[in-house]
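What follows is a set of structures for review.
Shared between the two complexes below is chain A, which pairs with chain B and chain C, respectively.
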Partner chain A sequence: MKLLRLQGFPILQQLYLEERLLRATTHNWCLINQGTNPPAIIVGISGKPEKLLDVKAVLQDNIPVIRRFSGGGTVIVDTDTVFVTLICRRDAVTLPDLYPRPIMEWTEHLYLPAFQTVPSFHLLEHDYVLGDRKFGGNAQSIIKDRFLHHTSFLWDYQDFRMAYLKLPQRTPTYRLARSHSDFICRLKDYMPSREAFTDYIVKAFEQQFRLQEISLDEVEKTQPSSVPHITSTQVFTTADLQQSIMPLIVKG
Partner chain B sequence: MALRSVLVRAAEDFRRRCVAQSLTRTFRSPFTTAVVLDDLKYAESHEWVKLEGDYAVVGITHHAQGELGDVVFVDLPEVGRQVSKGESFGVVESVKAASDVYSPISGEIVAVNSELAESPALVNKGPFDEGWIMKVKLKDREEIQSLLDAEKYKQHVEESAH
Partner chain C sequence: MYVGMRTTSRGMRSVIHELSIGLKRLTSLRPAFGDGFVHISGSYGGGGAVGGLLQSELLTTNSGGDRIISVSRFHAVASMPTTTTTTIIGAESRSSSLLLPAMAIPLADPSRLVQARFNSSSNEVLTADLGSRGGIVEIELAQTGEGIADCELIRWFVKEGDMVEEFDPVCEVQSDKASVSITSRYKGKVSNICFMPGDVVKVGETLLELIVNGSSNEQTPVPAAQQEEQWQEEASTLRRGVDPENASEEGVKKEILATPAVRHMAKNYGISLVDVVGTGKDGRIMKEDFMKHVAAKEAVREDLEPEGHIEELSTSVDGDEYSPIPPATDSGYFSGEDTIIPIRGFRRAMANAMTAAVKVPHFHYMEEMDVDALVELKNTLSTSIPLPPGVKLTYLPFLIKSLSAALLKHPIMNSTVNEDVTEIRVKASHNIGVAMATSFGLVVPNVKNVQRMSVLEIATELSRLIQLAGKNMLATEDISGGTITVSNFGAIGGKFGSPIINVPEVAIVAIGRMQQVPRLQGDGSFVNSSVMTVTWGADHRVIDGATVAHFCNEWKLLIEQPERLFLHLR
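Moving on to the complex of A and B:
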């Protein structure tokens, strides 16, 4: 498995890169990105900004909104987010078939050694939690004989940024109508440092994979972006976002 | 005479139910409770094909919708698009995952199930009927021969569950 470590890599570029590594290469990959700047909101493949966000506030504060190629919900990411992505061939995992739940459970076992020092880490419904508080959001993209599973870990977060996100229509059962601040927790309250956290992850993954570090330059040289592939990641323009709330403004 | 009429009607109803059931076989094994329909063809990637003359209706199987979970979005292909056998023609989103779906046959897409835009759960509720995804004008009927019949698809599902 090739390990690519990034620092503050823009999330839009990361998503483009991930989609390319999933669809246009045959290797197994692990990407770890320490934060992104500027902050951005990422919705899932079917995400509708008008349903998920306070679009007026997002427009006013000029927060980029990106639709990613994987499923799942909405996150707001910034320098306090730690991104970890796994891209695997079918033969890299001991799963009979590539479906969401078995993949999710496989990742729980993969991550478990990284959280040995932290009480009660487990997968609850589709989220990584400590006890019943979420600290990592997951999403997947599954194609023939390959899959991608990416996680945005909340090393820390700013409460005021969470205000851009509406309460989604679909929430996990275990959320129990809790507010955001009661539902999620900060990983920094449980780990000695970000560097230690990513070291724990790398050591956990080394229990199942032989990791070879690779630089971004080497990736660009050996897996060029010129190889054609399906690209679903897109940025919502200001016009897109304004259009999304137009019917609501007209009704109001 | 009245009793005879009742018995004849009951026998006729029973005969009609048997004919309907012979077209549908519910397969249950220790590993799967997949429903497999005898009159369809199947791809190993868990899409089904129903032949209607020069056209083929395509969807995902009961097994696939069960493994994916609640379907929340179907990214439908465009009418008029050409698809090739084995090519991804759309995406089915289920809670956290976006899964590609693959065309079992080549041809031109002549219709898509627009009901899925508002009701993606039709894929779960009726994967073989109301959950159909696209209709294709066949380019090469010979491609159908390489698909699995119900029995072989059943075996394929059993083997992949191990």
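Moving on to the complex of A and C:
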């Protein structure tokens, strides 16, 4: 598995890269990106901004909204987020079928050694939690004989940024109508440093894969972006966002 | 590309019968498919239970010599009433393209492929003769995950009029937290798109229709003659791998190169290595070769663990940790007909293990134990100490630890005996197996080196094994190397058992239900006491009654007076 470590890489570029590595290459990949700039809101492939976000506030504060190519929910990411992505061939896992739930459970198994020092890490419904507090969501994209699983871990977060996200219509049962701040937690309260965290992750992955570190330049050279493939990642323009809330305004 | 079959039968039994005949004819055309399999897709009235029965029926009727069949996908269309006539749209090979042309020979009607759709409410038969309509096929939304009934359509990659190749992505759907690309199984032209982005599509519903070009002879994506050649090459390669090894019946074992582990597995499964193709050095049969052969022979895709000795049903003493899950085929669906359950996977492994155990002369020894102290200890500890998530502190970790402590005094109970009964190997590690009932069958993973583990560590490891067992994800390492087995059926019920040894171990203990009984005290009064019965099974070729009695006394002491475990603390 090729390991690509990034720092502060813009999330839009990261999503474009991930989609390319998933659809247009045949290797197994692991991407770890420590933080992103500028802050952005990422919705899932079927996400509708008007349902998930306080669009007016988002427009006012000029926060980019990106639709990613994988399923799942909405996140707001910034320099305090740690992204970990796995892109695998079917033969990299011993699962009979590439279905979302077994893949998620496989990742729990994979991540477990990384969280040995932290109490109560586990997968609860669709989220990674410590006890009953979420610190990482995850999403997947499954294509023929390959899949991608990516997570944004909350190393830290700013409360005011969470305010852009509405309470989603579908919430996990274990959330129990808690507010954002009672529902999530910061990984920095449990780990010595971000670098230590990413080291733990790499060590955990090394238990199942032989990791070969690669630089971004090498990736660009060996996996050129000229290979055509489906791109589902897109940025919502200001016009898109304004349009999305138009009917709501008209209805008053 | 695919073979069309139509059945006008009513009732699942008749449908299966017709399908089986058709499939047998298919396999007779090409006897050596290796690990290829027939993939059958279709729709039928009835829920998942019907689908499960249908699948297992097809597996049964097409196994035993025919190496090919595995029904990998069958969709329930819940809106159709049960046991109405059924549409089988096609059979295709998924595993390799070289197999396709061999099966692209229409069965029902040599000159054309026929697709029939049955209107379940009116019982009208609408047939679409592919010869005249140019062959319209439907691509339905396949299963994207267990228990997932529908998906949201996100977008189309094609539009009406576009040409698609086999395996081209046609659309994207969202399922759980995953976006999933749906690919076309056929080459053709998009004639009808049935859903719009944002629509919710149920599993089994038709997403789009394709016009598959030309007559049946041109269905295959690659010219049939070319594929035929490829297949012949593959088949002859397979045969080459086998022939040099296949000298004579007598000398077969010497002439076939295989690792000792593989020979042992073959013996356990009762399978001759003559037909197994080896891919190791000099044609050596490796473990993977053997497993592939077994899977193809028995049409099973799940991993058959080589030393998965299986014991009878067990659950935790509490009844809440390892809940017995009835086998999938006991679905409660009443058809008024006999049900045939194929013996495959874990069932097969259990049957093989028990057959091996029949050679062992067993004797059984029963004892009753007072568990008041254990109950109190467990209740105190399990509520007051923080446990890792998913870990429960039940009685079993205590019982296992005390068993290990007793084994230190009577190590012969923790042995294995070789096949010709010439030596007993007293094992240093206490790898204590725990029988578990899962929806896949019975499995006995073991906790390694209990002599080095604390009760808490045992509980954690047990939780890990239970979780993996429930998902059929136990590793070979987890279910091999056991030295003694615990079978805890008490939570289901029952006091006494006559457990069968997990060969080549020499002892097994079955733990019955805990119950409250009145006990007569010295002063003539009665007190409520919790008791538990255990039944030992032992190999009387190497263990005698006195040994078991002494050992059980030691274990009983540690269970009734758990504070004695203190004496063993280091």
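What we mean here is this: the second predicted complex is superposed on the first by the 252 of 252 C-alpha atoms of A that agree within 3 Å, B and C clash if a C-alpha of one lies under 4 Å from a C-alpha of the other, contacts with A are read in each partner's own complex, and residues count from 1 in each chain.
The definition used in the following text is that a residue touches a chain if its C-beta (ideal position, glycine included) is under 8 Å from a C-beta of that chain, and two chains touch if they have at least 3 such contacts.
The model shown is predicted, which means the values in this text are computed figures rather than measured ones.
Return fit or clash for chain B versus chain C, each positioned on chain A through the superposition.
clash
For A:R170, decide between first (touching chain B), second (touching chain C), both and neither.
first
If you stack the two complexes on chain A, which partner ends up touching A:M246: first (chain B), second (chain C), both, or neither?
neither
Contact-wise, after the overlay, does A:M104 reach chain B, chain C, both or neither (first, second, both, neither)?
The answer is both, since A:M104 touches chain B and chain C.
State whether A:T94 touches chain B only (first), chain C only (second), both chains, or neither.
The second partner, chain C, only.
Thinking of the overlay built on chain A, is A:S70 touched by chain B (first), by chain C (second), by both, or by neither?
A:S70 sits against chain B and chain C alike.
Once chain A of both complexes is superposed, is A:S120 in touch with chain B (first), chain C (second), both, or neither?
second
In the overlaid three-chain picture, which partner chain does A:A139 touch, first (chain B) or second (chain C), both, or neither?
Both partners, chain B and chain C.
Regarding the shared-chain residue A:S46, is it in contact with chain B (first), chain C (second), both, or neither?
A:S46 contacts both chain B and chain C.
Among the partners chain B and chain C, which is in contact with a greater number of residues of chain A?
With both complexes superposed on chain A, more residues of chain A are touched by C.
With the touch criterion stated at the top, can you tell me which chain A residues are shared between the chain B interface and the chain C interface?
On chain A, the residues that contact chain B in one structure and chain C in the other are 44-46, 69-73, 96, 99-101, 103-104, 126, 138-144, 230, 232.
In their shared complex, at which residues does chain C touch chain A?
For this pair, the touching residues of chain C are 143-148, 152, 154-155, 157, 167, 169, 172, 174-181, 183, 198, 301-303, 386, 388-390, 471, 473.
Which positions of chain A touch chain C when the two form their complex?
44-46, 69-73, 94, 96, 99-105, 119-122, 126, 131, 138-144, 147, 230, 232
Using the touch definition up top, name the residues of chain B that touch chain A in the complex.
45, 67-69, 72-73, 75, 88, 91, 93-100, 102, 160-162
Using the touch rule from the top, collect the residues of chain A that touch chain B in their complex.
Those in contact with chain B are residues 44-46, 69-73, 96-97, 99-101, 103-104, 126, 138-144, 170, 230, 232.
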